[in-house]
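Shared between the two complexes below is chain A, which pairs with chain B and chain C, respectively.
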Partner chain A sequence: MMRKVVSLLAVALIGAVLIVALAKMPEFGGGTAFASLFLFLLGLYVMLTDSNLIKKVIGLNIMDTGIFLFFIALGYRSSTRGAAYMPSPLIFGGLAAVVSFTAIGLAMIVRLYKYYGTIDAEEIMRKRGEDE
Partner chain B sequence: MTATLNILLLLFLVVSAIIAVRCRDLLSSVIVFAAYSLVMAVLWQLQGAPYPAVALAIFGAGATPLLLLAAIRKTGGQE
Partner chain C sequence: MSHLPVVILVVYLAAALGLIPLSKLKRFSPGWGALAVTSLALLLAIVSALFVGANGPYSLFPGGHAGQGIEIAVDWVAVLMHLTINLVGLLILVFSQGDLESELKRSYLPIYYAVYLLALFALNGLIMAGDLFNLYIFTEICSIAAIALVAIKPGKQCLQAGLKYMFLSALASGMILLGIGLVYMVAGELNIRALAEAIPQAFQTCPWNVYVAVSLIIVGFGIKSALFPLHLWLPDAHASAATPSSAIHSGLIIKMYIIAVARIIFQAFGPNLFGSIPAPKVILLLSTIGIFAGSVLALVQTDLKRMLAYSTVAQISYIIMGFALAVPAGIRGGLLHIVNHGLTKSMLFLTAGAIIYKTGIRRIEELRGIGFRMPLTTSIFSIGALSLIGFPGFSGFVSKYYLAFGALEAGKPIYVAVILASSLLNAVYYLPIVIRAFLGHKTGKFTWDQLPWPMTAAMTVLAAFNLYIGILPGGLLGLVKLAAAALLP
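What follows is the complex of A and B.
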């Protein structure tokens, strides 16, 4: 319960800072920026609070697609205004990194399940405490 | 026309992200996440980034749900 409140406060603080930063950007407004900000904050909140490990991995994926949506929308905006900003190679690198991270994380989750018999983070912590 | 489509896709993204995160059943959560990735790829295509869109359609809607399904099958689904 305490952890949920603290996580919600941290996410709200990060969201407020990012909204102020978005409002100060001269070229960029509109729904896409705020939708990507919402997706980022939602994924971050799930990664912090949900105790199911597979839900944490899904939250990571939602978070990074939100960030990439922001990058691509920024490049689209600036390209229609004559600037040459092409974030495609950056997005490729990020996608490959996130897919490999997901694969390694899921392999770790399967090993944890074989050892502890559960994929719930709280329960794994409790069982570790009982062992020692 | 394009602006309306953009707003509709963004609404679908937000709603499906909330459903994928809040759903109790892990299997339905993964399926909703695959639909989310596909709509995100369509949105990237509309925003003028076709190569990342195809890469996301392969990775996000193909590889990641496959990995998640394998992990769910090995760990016995929802606790």
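What follows is the complex of A and C.
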């Protein structure tokens, strides 16, 4: 419970700073960018608080999707300045990274399940405590 | 000749991809194959360094537009780090010829070597990335290879450590990407040179955006390079991984992220902007806490590898402190400590691995009298311990001397006191091991180490480099001065 409150506060703080930073930019009115930041924060919160390891991985994916959407929102804005070619390779790179992180993470979770018979992080910690 | 650094990358990538299919051949040993590739890369790095020495630093623009887009910057930082990475990487690989079969399943060996080469590939690319896109991609490849190097060893502990590392590393990657996005949003550029021109104006129009981008990038790379409160993944990962993985992690990987973030901060954002925001003060404070907390936590550990891992937390804080001082002498100290600690800590992890290989001892208390059973290994451990304490005549002294000099140059003499006090703390946890190993109760009679020759050779060569840098630091210092000037003119 304590952990959830602390995480919520941390995420809210990061969100407030990001929104303040974006809102102070001239000619920034993109609802897409705000929506993408909301996704980023949602994913971050799930990743920090949920004890189910698979849900943590889902949170990670939501977080990164938020970042990609943020880039797309920027690409739309900057297309008027003729510099829209750069975000797409960066998103490709980011996508490849997230897919790899997800793959390696899920592989490790499968093997952990074989050892402990659960994918709940707290349960694993408890069983590990009993082992020692 | 000017394309040599790219050839290094191509060689590593091709070898990493080809190693697994090739290992199906009966007569092909993946370990010696990887060793041959790394030796070739070291040779290429030396030739490339001589070329840069003769013709001066240069940049390659694969996109075809000089000054913008993708850039491969072959400056003195890249030369210095190329030599360090390929030398240390080669020696760890030599060691693993003797050690790895005792730690991994035989069928995993080709995969291990392929991932190891992939990590070296990413490290070599990361330190000469001249634009944020390349830098991000190589950071990701390096992170994923690093996670695989931890998680590949069978056992619950490695899996848990790897999973923790994976989540924190992925979080850090997200932050770095968001930071790069925010920079791109205001500056419209990703090339570091172009950014250096575009950022001052962007800072005028939307300072908040730049603040947030700098903090996201620093926190992201801080997680990956284990800046103090963000080091949570490090002790588990470094202590549980296979010996060569621990050595490359502590010795190379976490430090090259610091080079990457130093490039972004000093070359793109510029030292003036960095000095005008509170970031350096916060980083200096955190690294000071990290130096003491890492040392104190190392002091209470009972497991040898875990103690070395916490010692890495303390030592990495020295490097970060040197860079955060943002004066030439501090950066020289930081770069020197990257090289020295890279050589020393990988050597210490290898000696710990050799002790575990031979005797199975992991607990520090049981090391009493180990100097009589493994005299050479224990002597090499002592050289590393004295170097990290900063004993005059050993390599750690040279870098700590420059760090202290940097603190004076920056007008912050308090950090000289920090360095002195923490050296004392280092002595408190390293010296008892050495003293007990040689002067503790004599158990059994005196024997030589009797290790496989690749392990002995790798440790001896690392020790020789350590002694050489400690006694004759002149050549390295010349290189470091040029590299520091490339980061902070």
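Things worth noting here:
As a working rule, the second predicted complex is superposed on the first by the 126 of 132 C-alpha atoms of A that agree within 3 Å, B and C clash if a C-alpha of one lies under 4 Å from a C-alpha of the other, contacts with A are read in each partner's own complex, and residues count from 1 in each chain.
By our rule, contacts are C-beta pairs under 8 Å (C-beta built on N, C-alpha and C of every residue); 3 or more make two chains touch, one makes a residue touch a chain.
What you see is a predicted model, and the numbers here were worked out from it, not measured in a lab.
Looking at the shared chain after the overlay, A:Met47 reaches chain C, while chain B stays out of its contact range.
In the superposition on chain A, contact is made by A:Ala21 with chain C only, not with chain B.
In the superposed model, A:Phe38 makes contact with chain B only, not with chain C.
In the overlay built on the shared chain, the residue A:Leu69 is in contact with chain B alone; chain C does not reach it. In the superposed model, A:Asp120 makes contact with chain B only, not with chain C.
Of the two partner chains, chain B is the only one that A:Lys55 touches; chain C does not reach it.
Legend: residue contacts after superposition of the two complexes on their common chain; A:Leu13 is shown touching neither chain B nor chain C. Applying the stated contact rule after C-alpha superposition, one finds that A:Val5 touches neither chain B nor chain C.
In the three-chain superposition model, chain A touches both chain B and chain C at residues 87, 96, 98, 109. Looking at the complex, you find that chain C touches chain A at residues 133, 136-137, 140, 143-144, 147-148, 151, 156, 159-160, 162-163, 166-167, 169-171, 173-174, 177-178, 180-182, 184-186, 188-190, 205-206, 208-209, 211-212. On the chain B side of its complex with chain A, the touching residues are 6-7, 10, 13-14, 17-18, 20-21, 26, 29-30, 33, 36-37, 40, 43-44, 47-49, 51-52, 55-56, 59-60, 63-64, 67-68, 70-72, 74-76, 79. Chain A meets chain B in the complex at residues 31-32, 35, 38-39, 42-43, 46, 50, 52, 54-55, 57-59, 61-62, 65, 68-69, 72-73, 75-76, 79, 87-88, 91-92, 95-96, 98-99, 102-103, 106, 109-110, 113, 118-120, 123.
Residue ranges on chain A touching chain C, taken from their complex, read 17-18, 20-22, 24-26, 40, 44, 47, 53, 56, 60, 63-64, 67, 70-71, 74, 77-78, 81, 83, 86-87, 89-90, 93-94, 96-98, 100-101, 104-105, 108-109, 111-112, 115-116, 124, 128.
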